[in-house]
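A, B, C and D label the chains in the order they appear, each numbered from 1.
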């Protein structure tokens, strides 16, 4: 199996996950601006999850671009990643509909953590199997401080949510910004 | 990254957004023609949003067809556009389920405005980064009266909705017609 | 614009329409076989609409396979077809949830009729614009008894639904069978 | 028709079916861990169905990879398979929302059985029509103990569900593991 179909399938799943999240934005019953307020947390959660899925799509593309061939293990590592990404709409909606309470925020952190672990597993499987990807990605992975910081922040966000869900959400936003901002100085510091 | 995967991903998101809007057409409880009446505003809103998404898909394709390479900025400008397009089902349903009231119509205008601004940002990012696209698109963009009129009409539709939501809707239909009708005289006048 | 992106986009929309119809199969509250009975009409309607969408996908592919280039008119004729196909889930659910009553069945017939007319418009636009498609398709279209019979049966099904919705449904099934069964004798008779 | 479009269309449908299942994970009303408990059966059912769809996607790809040309019969055999796969969300939700009762579990077994039969029909149609696929696949199919065991287990799970739905679910998990685990000794034993 070449990577084309794997990429196309992953793209389709990520595009669907991104888009069906908007179905969780329930149409308000009222017709004034105030009636939008209950939708606001879900909207902001949708925005955050959309950004996360965009980051995954982007990184996933770069990784598979360096990959020449896939085997059964890579295929299932990829499906495992897609499974956890597909839980974003559920976790987002649970946080958004409940005024940012501790347990939903902790579960959102769990889903982020599991997706990040799944991504790491996929990366490892690809580097082990494909010498081309190994040559291109091994260095980047060895010093992948950005990835390690993300994993640590996701893991920390879960217990922290029971102290203050806002700090956990701050961690989620921070990790998203680390991946989004292309400032080379930040990237250099993080990858040292 | 080449443009193929960016195009395929954008197509998937636009196709899904277009199609899940139909899920907002709630099946009527009655079984006579009169029971279709409450669905009519949502149906017409669906038609209008479908046409808008078709216009975006068409223009997006032409722009990316002229583009040879993309960078991180273009990728995120594209995801930003897709984010605002993904809000069409929500805005359409809110207008359709509430007898064309002012606030929902104004929010629909906001979503159209944000999508148009996002498209302009994407266009600018592409022309700046890609000399091939620059050569092909710069002239068209410089004299892009059609795009500028659209932005002005979307912006105007927001306050106007609080005077008369019907005038705002008239503006939405007018902008859609400007993009739809391929009459070269209108195009020439608009691009003078 | 070449046909590849048009085909890919149409495929995506048809795949989504086919699949979201299953969301109209509401999970029964009971847990015995009898509680499946209210779902049965929607299930059979889903099956029929699935077959129709499969026929459209198949014919659409054959037509675009013969096409070399598309213009704005073809693009919008194609979006018009996709719009009517996207109403299948709504029409199917309305028929299925209401014990096959006259008005929903007539509306289902209207949607089938509009989709068939839209297909004919698309076909005409392609044959006019593209000489390659013209050479390949013009003969088949000239003697397209199958298409004409379908249009007539859809049109007839609308008033007939108010006499007996079962006769209309019989017509829908008959047209689907005409397109499905590859028996060359039937095809020859129909195309004489 | 070549296999590219057939593959792309099947991928799209499978990706959508996989992903819309998550819409059946209803957001809990409470905000503590206990309120996740009612969602747990649906979540586990989602996981199982996701794995099954992954197995089908994987096998489907390998089979079509060996195929050079398709005809109308293969096309409809493929749509038939996609139809049964599209019922996974419905069957999964019915089992998950009802504490693993007998009838829903039996219906889930029926859907698995019909999907497996449809896959066998598709396989047979491809091997009959395409000499290239025949050369590559005929041996594998002749000694397809894995496929035959699966069919027998699905068929057995239907009556067994009325004795104990847990045994049926055990059979579903067992079949999934048979396909998942790439242990060559198991594969060898099964294919002897």
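Odds and ends about this structure:
Assume a residue touches a chain if its C-beta (ideal position, glycine included) is under 8 Å from a C-beta of that chain, and two chains touch if they have at least 3 such contacts.
Because the structure is a prediction, the values reported are computed rather than measured.
The two copies, chain A and chain B, are related by a rotation of 90°, based on C-alpha atoms and rounded to the nearest 5.
Of all residue numbers seen at the chain B-chain C contact, under half occur in both copies; the interface is built from largely non-matching residues. A straight line joining the Cα centres of chain C and chain D is 27 Å long. With centres set at the average Cα position, the gap from chain A to chain C is 39 Å. Among the residues of chain D, those in touch with two or more other chains are 8, 12, 16, 20, 23.
If the chains shown are joined wherever they touch, the resulting network closes on itself as one ring, and no chain has more or fewer than two partners. Against chain A, in their complex, chain D makes its touches with residues 7-8, 11-12, 14-16, 18-20, 22-23, 25, 27-28, 31-33, 35-36, 47, 50-51, 54, 57-58, 61-62, 65, 180, 182. Against chain B, in their complex, chain C makes its touches with residues 1, 5, 8-9, 12-13, 16-17, 20, 23-24, 72-73, 75-76, 79, 82-83, 86-87, 89-90, 93-94, 97-98, 101-104, 107.
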